[in-house]
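Down below are the structures I want you to see.
Presented sequentially are two complexes of chain A, the first with chain B as partner and the second with chain C.
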Partner chain A sequence: MASQLLQAAVLGVLTGGVYALMASGLTLIFGVMRIINVGQGALVILGAYLSFVLFNTWHIDPFLGLLVTMPAMFLIGVVLELVFIRPLKTDRESLSVLVTYALALGIEGVLGFVFTANYRELSVWYDTASVPLFGFRITLVYVFGFALCLAILGALFLVLYRTTFGAAIRATMLNRTAAQLIGIDVEGVSAVAFGIGMATAAAGGAVFGITTAFNPNSHYDLISRLLTVIVLGGLGSLRGAVVAALIMLVTQDVASVIIAPEWSAFVFFVILVAVLLVRPQGLYGVRVRERI
Partner chain B sequence: MNAARRFAPRVALLLVAIVAILLPVLEPNPASINVAVFTMMYVGLASAWNIMGGYTGYISLGHAGFFGLGAYTLGLGVAHLGIGPGYGPFALVPLAGLLTGLFALPIGWIALRTRAATFVIVTIAVMFMLQLAAMNLIGLTGGTGGLSLPVPRWSGDFYNTPFYYAMLILASLTIAVSWWIRRSKFGLGLLAIRDDEDKAMAVGVPTRQFKLAAFVISAALVGMIGGVYAYYVTYVYPEFVIDPLTGISMVLMAFLGGLGTLTGPVLGALLVEPAQLSLAYNFGASRLYLVFYSGVFLVVILLLPRGIVPSVRDLTIGWWTRGGPGRAAGPSPGPSTPAPGNVVAP
Partner chain C sequence: MRRPLLTLFAAFGLILTACGSSSSPTQAGPITIGVSLSLTGDFSSDGKALQQGYDLWAADVNARGGLLGHHVNMKYVDDASSVQQVQTNYQNLITVDRVNLVFGPFSSKLTIPASTVVDRYSYAFPEPAGGGPDVFKRGLRSIFFVQPAAVEDNLVSYTKWILSLSPRPATVAYATEDDPFTQPQVDKAKALLDAAGVTSVYYKTYSSEPIDWTPYAQAVAHSQADVVILGTQLPDALAFVKYFISHQYNPKTIIETTGPDQGADFSGKLGANTEGIMVPAGWTAAATAYGNDTFVSKFIAKFGGKASDISADAAEAYSVGQVVDQAASKANSIENAKLIDALHSGTYNTVQGPMSFDSTGKPQGGVGVYIEQWQGGEPVFAYPSSVAKKPPEYPKPAWH
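Up next is the complex of A and B:
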């Protein structure tokens, strides 16, 4: 039991990294633009399908394929922002939820048309190979995935905290109007932030596609988890998203050992409810007065 | 002129009511009545959703969860009380509303600790939580295998008609409740919350109680409609009765018609649901109808964010007062907009 628990905890940390990556894009978009991208789950699935096509058609390794899919998804994100998000002038927060929901449905429809509803999986060699760790074996893909997430999240933090552009992003997150007043191109920052969010979805999608069988429908399950993660972390807090993803996934994996696997997803919601009762603004969130 | 404007809506309402009541006689084809059942269902759902989403501005994307709660209440009630096929199960519809309302009370109490964006997320999460519970509580709900309801032994030509009237009654009830709320002090408080919650609180609107009441009323109405739906399709599966698409459909319809208006959700449902049914019927297997659906949604929100009813109203007000269109769009003209007869022409 103890070794099972330890194994669950280690696995939770490793998969938590992947969720942290996917959620980081979501929370970054919220922080910069004050919109909730309900389509993030569908975009992760889109990323998974892109990796799937590259792998099946040209035998490009999903991790290597990120060199193609991440820039591609970045561009898709910028275009989506320009066409669908920027025109929203009034009541952005609610309308954007609906717009991105509609985008998710559209992506689901297109993917369903192209790839049918059959479940797919990226079967790479490291999906079955494993390494020994603390006396049990960990499948390599989780290790690789975690390393990838560390690298991308690290790069993201470096950009945010060590570059001028990162400072512009953070300024926009703190106060959009003030940022605009001191000459920051907040519209441009928003488009790039949305693009970065998509790029993280591409990376998350590649790992998700290796570890999990997916079909066009999978985004509902994914987005409800990602949204729960960013609410727990505090909307708009990158650090919060990372910490919350680790907490959620470790708790979930441990709960599936202690209680039962089919109830493990329920843990997400129990934690969510507990957080809302004790601290509605999330771990790292600040209580904001809205619409003053 | 004024008399005509006062009576025109009543005459129109009467005509609509007569057509709605006589529909199964005018168009007895069971396939048409099937479309009418689902359209009337969404008239009710969109109007019920509007009581929360439209009046208070709190967008719930999780109302499909309440739809499912109502469906399960009816399914389980019929099974455990041993009610046979026929008109008996309809008697349980109020119970479905009551139980859904009771469930919605704690859910709303927790969800309404948050505002705007977080509230939307919480409603989505709650919906998936209910779906997961329905799948896992196998002893109660039958899990993914679902529940079966008794099939009424009505003739094929007549089969859909009782369900049409049941949906019509619930839709009318919902519209009546919505109308009553809209012109009550309670409704005024809800609109104040939508426009500025902090100021509403400052002037003494009991915002928490009002929001929770609107949430519970809205959920209970949706639950009753879910109950009739369960009996109509005679089975209850977690994925079908708690379908995110149901939740987003009612939102789309309310948005298309006009958020926070009485007639908007009705109009939206009448336009969208028949189109959706024919698309799903023709392209259902390829899931291409989702693409169409998302296209309509995007066009509506980007080009007509305020919905049809408010936009058309502004247009006609322009005509009535100035003999031409062009009145600047106000921020939120619900039915509280002064009657055109009272608008002073510049």
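Up next is the complex of A and C:
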């Protein structure tokens, strides 16, 4: 039992890293733009399909293919922000939910038209390879996925905390109006943040596509999980998204062993509710006082 | 005064004729057979294999002059593996497209709701893949399951083989989708093995919707059971095996209800690791059943590949056509009511062997469902010895 629990915990940490990567874009976008991008799940699936095309057509490994898919998704993100988000001048927070949901449905429709509703998977050579660890085995793809997440999230933290542009992003996250007043191009920051969010979706999509069979409808389950992660972590907190993703996956995997797999999600939600009762702003969220 | 009345009667007569003409083709004119197939979604690989089987039969029967002289056209509509869509499809096929006959879709999950719609219009519903117990519980007279045995008995041969082994395996782990096709098979196998004293160390059902199967595969692997019995479709069949390979859990024997019978769709993802994996099967390319050698050679000629690439689904769909062909000859009609009467009596020869149907459409007196095992890169009948091409590999070789 102890070995099984340890294995579940390790697997939870590794898969939690992948969810952290996918959720990081969502929370970054919220932090900078104050919008909830409910299309993030669909964009992750779009990323998975881009990796699928590269892999199936040109036999490009999904991890290597990120050199193509991440810049491509970044550009798509910038364009989407310019076309769909920036025109929202009033009631931005509410309208953005509708707009990004419409975006998700549009992406789902296009993917369904091009790829049909068939389930796809990225059958790479290492999806059955494993390495021994503490007396059990860990599938290599999860190790590779976790390493990728560490690299990308590390780079994201470096950009945010060690560069002038990162300071501009953080300033915009703290107070959009004040940032504008001190000369920061918040519109430009928003477009780049949206692009970064899409690039992380591409990376998350590649790993998701290797570990899970997916089709154009897969984004519904995914976005509900990602939203849960950023609510627990605190809306707009990158650190919170990472910690919450780890908590969610470790809790679920361990609960699967101790109780049963079908109860794992319920156990996590009990924890989520308990945390929100004590800290309504989430683990790393900040309470905002608004004048009314 | 009489003229308008006559016109009214004539118009009414035309309407009645139009309403009744769907299953009443003109003398020796072409007919259309409608099928809802899962060409996309969860069951898409099975749906496409069914289409191959139906197409091959239609080509065959047309080459022989048609079904009682009627040239056969097949009309397929995609149900995307959806319970809602399959009902809409059959409703439209019968009332809008006015097809003459309908054949069944894939899986018990879709066949059950579809058969309710089809029965409402008194169409015969021969079907290749809906054999769960619930299919026969509703007392429909129009449905006919064209496989050698009811689905719940699919793993009976396997349990007999397990119990014949010496030394007998000590432990079994079971995991199955909560699907009307897979779960009854696994539950019956468990009841038989429990009664014989083989210890169950793990039993779990999981959602038939695609989920993360890792926790279930992990629990099965951790049980270290000698025998693994899985109630799967193709995606979870692959996921479980991949997990076992990556975690080097090598049970002495493993059987999956569906997946290993999918030919290249299964072997293409697992390569040499298919070796030793079993599946219940009523059909194999090497079987000597009625017309099987012709079916296999024509299949390869039409679709390419080799005999081991042919999905059992295609043979089952082809069998539906064979049964209807013989029933039409027997009834000397392709009217649905007469076909239904004919199918409730007599024995019909198929590439899966001979079969007849009871009052609920359940197959009777068939040759039974055997065990097929992947050996040397192809699926072969391995049990019972009366049909086995090769003896079962036991214990299963280690993963590559």
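Operating definition for what follows: the second predicted complex is superposed on the first by the 287 of 292 C-alpha atoms of A that agree within 3 Å, B and C clash if a C-alpha of one lies under 4 Å from a C-alpha of the other, contacts with A are read in each partner's own complex, and residues count from 1 in each chain.
Just so we're on the same page, contacts are C-beta pairs under 8 Å (C-beta built on N, C-alpha and C of every residue); 3 or more make two chains touch, one makes a residue touch a chain.
Being a predicted model, the structure only gives us computed values, none of them experimental.
S.K.: Just from the overlay, do chain B and chain C fit on chain A, or is there a clash?
M.R.: fit
S.K.: With both complexes superposed on chain A, which partner does A:Leu235 reach: first (chain B), second (chain C), both or neither?
M.R.: A:Leu235 contacts chain B only, not chain C.
S.K.: Is chain A touched at more residues by chain B or by chain C?
M.R.: Comparing touch counts on chain A for chain B and chain C gives B.
S.K.: Once the structures are superposed on A, label A:Ala117 by its partner contacts, choosing first (chain B), second (chain C), both or neither.
M.R.: In the superposed model, A:Ala117 contacts both chain B and chain C.
S.K.: At the Cα centre of chain A, what angle separates the centres of chain B and chain C, to the nearest 10 degrees?
M.R.: In the superposed model, the angle at chain A is 70 degrees.
S.K.: Is A:Ser264 in contact with chain B, with chain C, with both, or with neither (first, second, both, neither)?
M.R.: Touch partner of A:Ser264: chain C, not chain B.
S.K.: Looking at A:Thr163 after the superposition, I want to know if it touches chain B, chain C, both of them or none. Which is it: first, second, both, neither?
M.R.: neither
S.K.: Looking at the overlay, does A:Phe30 come into contact with chain B only (first), chain C only (second), both, or neither?
M.R.: first
S.K.: If we overlay the two complexes on their shared chain A, which of chain B and chain C does A:Leu98 touch? Say first, second, both or neither.
M.R.: First partner only.
S.K.: Examine A:Pro280 and indicate which partner it touches, taking first as chain B and second as chain C; both and neither are also allowed.
M.R.: first
S.K.: For A:Ser130, is the partner it touches chain B (first), chain C (second), both, or none of the two (neither)?
M.R.: second
S.K.: In the superposed arrangement, does A:Ser224 touch chain B (first), chain C (second), both or neither?
M.R.: A:Ser224 sits against chain B, while chain C stays out of touch.
S.K.: Using only C-alpha atoms, work out how near chain B sits to chain C after the chain A superposition, in angstrom.
M.R.: 7
S.K.: By the touch definition above, which chain A residues appear in both interfaces, chain B in one complex and chain C in the other?
M.R.: 117, 262
S.K.: Mind listing the chain A positions that touch chain C in their complex?
M.R.: Listed in rising order, the residues of chain A that touch chain C are 4, 7-8, 11, 116-119, 123, 127-130, 136-137, 139-140, 212-213, 215, 253, 256-257, 260-262, 264.
S.K.: What does chain A use to touch chain B in their complex?
M.R.: 30, 34-36, 38, 84, 87-88, 90-91, 93-95, 97-99, 101-106, 108-110, 112-113, 117, 216, 220-221, 223-224, 227-228, 230-231, 235, 262-263, 265-266, 268-269, 272-273, 276-277, 280, 289-292
S.K.: Which positions of chain B touch chain A when the two form their complex?
M.R.: 57, 59, 61, 110-111, 113-118, 120-122, 124-129, 132-133, 135-136, 196-198, 244-245, 248, 251-252, 255, 286-295, 297-298, 301-302, 305, 331
S.K.: Write out the stretch or stretches of chain C touching chain A in their complex.
M.R.: Residues of chain C touching chain A: 39-42, 44, 80-81, 204, 206, 210, 212, 214-216, 218-219, 222, 235, 239, 242-243, 245-248, 269, 273.
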